[in-house]
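Pasting the structures in now, so scroll down.
Here come two complexes built around chain A, the first alongside chain B, the second alongside chain C.
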Partner chain A sequence: MIWDALFSTLFLAAVLRVATPLLLAAMGGLISETAGVPNITLEGSMLSGACAGALVGGFTGNPWLGLIAAIVGGAIIGILLGVLHLEFGADPIIVGIGLNLLVAGFTTFIVFSLLGDKSGTSSLGRNLLPTIEPGPLAGIPFLGDVLLGQHILTYVAFLVWAAVALLLARATFGVHLRAIGQNPLAAATAGISVKRLQYAAVIICGSLAGTAGAFLSMGYVSSFIRDMTAGRGFIALAAIFLGGMRPLGVGFAALAFGFFEALSIRLGNLDVPSQLVQTIPYIATLIGLGLFAWRETTRRRRGSGATGQRRRPVTPGADPA
Partner chain B sequence: MTATESAAVAPPVPGDDREAARARVHRQRRSDLVAAFVAMIVTIVIALAIGFVILLIVGKDAVAAYEWLLTGPFSRTTRIGRVLIDTTTLTILGLSVAIPFRAGLMSLGAEGQLYMGALTAAVVGLAFPLPPGLGILVPALAAMVAGAIVGFVPGWMKAQFGANELVSSLMLNTVLVRIYGYILTEYLTEEGSTSVASAYLPNESLIPTFTQLTGVSFDQANLAVVLVPILAVAVWLILQRTSLGYEVRMTGSNRLFAAYGGISSRRVIILSFIISGAIAGIAGAHLVQGVNGRALLTLSVGTGFTGIMIAILARNNPIVIPFAAFFYSYLKIGGDVMEQELSVGTEIVNVILALIVLLVTSQFVMSLVKRRRLSRLEAKGQP
Partner chain C sequence: MRFERIRKEYPNGVVACESISFEIQPGTVHAIIGENGAGKSTLMKVLYGMEQPSSGQILFDGQAVTIPSPQSAIDHGIGMVHQAFMTVGTFTITQNITLGAEPQRRGFVDSRRAVAEVDELARRFQLDIDPLARAQDVSVGMLQRAEILKALYRGARILILDEPTAVLTPQETIELFRALRGFAASGRTVIFISHKLREVLEIADEITVMRGGHLVGQTTPEATDEVALAGLMVGRSIAIADRHPAAAAGEVALEVAGLSCLNDLERPACTEVDLEVRAGEIVGIVGVEGNGQTELVEVIAGLRAPTGGEIHLHGDVITQASVRSRRAAGLHHIPEDRMKNGVALPESIEDNLIVDRYTGSTVRRHGLLSPKRIGRFAEELISRFGVRAADSKVPAGSLSGGNIQKLIVARELGDQPLVLLASQPTRGVDIGAMEFIYAELREARDAGCAVLLVSADLGEALTLSDRIAVIRNGRVVARFDDVAAVTEEDLGRHMLGAAESKEPA
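Entry: the complex of A and B
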């Protein structure tokens, strides 16, 4: 019964849907991490985007304006992180914690102030970005019911994945990003403007996370709900580490988390204790994180150094060798 | 974030005698302390002012709102009691994260450790009838052990594999909170109970409340308040007067230097996570044995992160943490009162506090003060 459920087209379509925000946010986070700015504001940017999108979309009745607002809402968080970290030299992780709390408080406060309802913006009515209609292709198995008919931002997410992979591998901008992440001093000596690129990275990151938020409040469900990101930003962060900071790996890690989350939703309907099923994505992350770090450690010990310098090196001496 | 103790000190001028140099060091340190204190006050005022402007912009009666926010906690004894409850919980949580933070480790696992501590305290308190005294101690100690065990996991993963402790402790939080919910729903909730909660613990396991002791209603505030100074001093002693504390501080201020000096960062990582977990476990015991008298499904959302904010506000100084926790709790209860009286969202308090955290970490005010002091020195013609 479970296996039937897993390979049903409905389930596979659900995986793509659930993975969309993770994929978008993880790609944003990947750019920021690559440029050497640890970014845990994915959660806050996503929430900010979800709220801004739902409010602007709801008040104007135009979901596309909502999407723009969501992107701006996410980018603002990125800019704040950039200013506090790059100009004032504040610890990016602590700034991230502060920004996440700021957004969580501010979104609830503003929704309550505007609409008098703490739980969310459902009083503004349903407000959705379109899904792509499969049209005459609907009858084709797999293609018709899994790949087609998805929300428009799901396709955007996959395009972003491809774009980020190309950008980091081929484009000058991407190569420079990698250079400043690995050795900012050397990059600066080579004439790369480190600060400007890092600003670009956190703003792109915020925009992508904001887009992920737009998907949540204008696609996954049809309004903003208080704290609706529910830790997705941190799962996206885990995907970055699990994917070894490479676009291909990070994308597949995000899809894997989408799979486990869809699985937990699916199993929750099948009379398996839902609380335990809900832990699956997180336990998978923990195991994956441990395995990945273990592989890195052993590889480094062999002295191949093939993975190159990591931004946050493993503690010297943590290595039992 | 760890370099709190040693502010920049001018090198002694050759020819100066030692006494004068020492006096100058002390004077410098004192004026640094004063500057830090003034900067904190200015920071709080700036954050409150921004909150005030936000209230004005959304069209609320900002003056009345701030009146309730700042005086509300003293308007009823029960509200004073709630300030005390939150101060206790948050002091414990802030102290718990201060140790790994001092070692430069981002442990965000306090939430999960708190839930496991609460679960263990409830199970032990319900399963073993104990005489008074032991009845309070044994479940609380068990909660510490449970917290230490789950605190060990991300520490071990970090020390053994180099797994990023921030992500692993966060992931573990979610897992532990769900497991808590599962065990509570399936095994501890009694048949026919209307809500998901365990049975009440026997009286011997409950921490006496001030309401019982004084006859005046202080909500559920209880004698666990005495833990606030005790734990603060204990953590201070661990950090300042033990070799482990020395190793923690060295690792935090310069990891490479500490490693070359022969400090095993493996030991520092694992021990600081274990101690941190044990302390967070006490917070869980406090909620079960003191505040609620039983295990509830939702203990308090996001307390773990609030504890982290407290530690950041206090700059990981264990003696300052209780004051930061009191400050937060005071504003939070004030915010709740404000919401009841004026229907102004209490979340503005979280906005204000997040602003304070951001201003503090960016040393916004401090950098202004330093700049002014420098320009004044230059004006005097001193180097």
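Entry: the complex of A and C
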């Protein structure tokens, strides 16, 4: 029965759906990490984007304005991280924890001030970004059920994946990002403005995480709910390291986490204790990170993948929200 | 180009350069020499836009220019090869050379053109590189050539090289000098920072000497010699190049038999090394860096497990002994990486000096550490070894490199050890500290200590050692008992493998 459920087209479509915010946020985080800025504010940026998107979209009645607001809401967190870390030299992890806590409190506060409701923006009514209608292609087996008819941001997420891969591999901007992440002094003496690029990286990162937030509040569900990110930012962070900081691997790691989240939703409908089922994505994250650490150790021992100046990866902390 | 009354005062009040004025002629190799802290690096940072002068100016062809950033220096045709290479390990040589100035097509790097351009440049200047190799996989010699090409790629007319030969073998140095002469002949200017006087005399057209932030002399190689230059640099006469051979060696103090070990990547680092060091002699180990000498010393010091062989200290097997028991038995160690393994930088001089004897009665009273005894002990060592420090409670990290090394030498030689492992004992220290450390090593030897010296500086190995062994690929490939008859070229041939002319592995 479980196998039937797992390999149904509905389930595979669900995997793509729940992987969308992970994929977007992980790509943003990958850019920031590549540029040498440890960024644990994915969670905060996502939550900020989800809240800004739902509020602006709800009040204007235009979900596209909501999307823009979500991107800005996420980017603001990136800018705050940039100012505090790059200008004032504050530790990025401490700043990140602070920003995540700040966003968790501030979004609840602003929703309550505007709507008088602590739990979320459901009183603004349903407000969704569109789903792409498959039209006449819907009849095609598999394709029609799994790949078509998804939310617009799901397609955006996959486009972003491809774009980030191309950017980091070939674009001048991406090559410079990698250079400043690995050896900022070398980049600086070669005439590259390290700080400017790091600002760009954290802003792109915040924008993508904000977009992920827009998906949550204007696609996955139809309003903002307090703390609705539920650790997805940290799972995205885990995907970055699990994927070995390479776009291809990071994307697949995000999809794998999406698979486990979809699994937990699916099993929730079956006769399994829901508390247990809900821990699946988080357990998968832990196992994934353990595998990653093990692989790194063995690889270093064999000496094949020892990258001279590679930074120590940041271990994601517990969800502080 | 001309420096005019350059003065640099740092915010903490230290004046690194005081009213420095001199000219550098185009098409020449101009050497700037001085001890550490003489201000030569600061002057070069000012020229390369990494520091701004407090007053004074830099003139090109009579025009005053300001250089606010490295990018601006690059735009003025100035290129710098830093002492610590500025490379990105996972990037290819081509990517490193073109970094920040990549040939582009619509926002993307045109990598085919980049490789072609780098290849052409390398051919033109006869600097042998592999454009597609990753920087982390190639030899330091090739990295340095890549750094030079990086400057030339940006159209450098003035090339600054900061201690370029410190990491090179004699053969690589000869090739570097040939290339530098080629640049000068093509009308480019080379600024050569060094404290190796012999090399300066060989390569430079003009020599500028700095001491304590002041310009103290300008000369040409024809008009001076090594002794005069050294005197000018330190402000007193100095003789470090003289050999003082040991009187007569005594019993075998340290014996290494068939010793093998692995490196950090778990590949063989040393293979069946046999060595004997007698009481009252200095045995030098030379080799291109990364050929197992570092690991060998770590195994003898007890910091790395051997995979085979035995170590004897005065006949006792210590192969499995702990570091503490080795030290207690009289085996002391001046480690290669002094900042990492030699001292705890944030801790006080006192704590650094008692770190291996805090259990002993010298610093304890009634079973507790006695601040008074520690202070007395530390003050005594500080004055005996001439460590320049405000007092014994300042952190070790606040001292200069030379004084940190003196601090380590004080700890390791303070109570006459039986065996001393000295790994790169004068790397990066100035000539005054070097002279002092040489004297201390010889004094310890003459008092009966067996010294195993590992040095990348062949001149140093030849000056200090009574016997020399050459190590290559983890094996001892040559031994010389009569050091006076050996030249750097002899050693260099064995270091690279007599029949090989290519890069060492």
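Everything that follows uses one rule, which is that the second predicted complex is superposed on the first by the 307 of 321 C-alpha atoms of A that agree within 3 Å, B and C clash if a C-alpha of one lies under 4 Å from a C-alpha of the other, contacts with A are read in each partner's own complex, and residues count from 1 in each chain.
Following the convention adopted for this analysis, a residue touches a chain if its C-beta (ideal position, glycine included) is under 8 Å from a C-beta of that chain, and two chains touch if they have at least 3 such contacts.
Computed from a predicted structure; not experimentally measured.
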item: Which of chain B and chain C A:A179 touches, first, second, both or neither; value: second
item: First (chain B), second (chain C), both or neither touched by A:A171; value: second
item: Larger contact residue set on chain A - chain B or chain C; value: B
item: Which superposed partner A:T285 touches (first chain B, second chain C, both, neither); value: first
item: Complex contacts: residues of chain A adjacent to chain B; value: 40, 80, 84, 88-91, 93-95, 97-102, 104-106, 108-110, 112-114, 116, 118, 231, 234, 237-238, 241, 273, 275-276, 278-279, 282-283, 285-286, 289-290, 292-294, 296-297, 312, 314-320
item: Chain A-facing residues of chain B, complex; value: 1, 54, 58-60, 106, 157-164, 166-168, 170-172, 174-175, 178-179, 181-182, 185-186, 255-256, 259, 263-266, 269, 302, 305, 308-309, 312, 343-345, 347-351, 353-355, 357-358, 361-364, 367
item: Chain A-facing residues of chain C, complex; value: 50, 69-71, 74, 80, 82, 86-91, 95-96, 99-102, 104, 107-109, 111, 136, 150, 154, 265-267
item: Chain A to chain C touching residues, read off their complex; value: 170-173, 175-176, 178-179, 182-183, 185-192, 300-303, 306-310
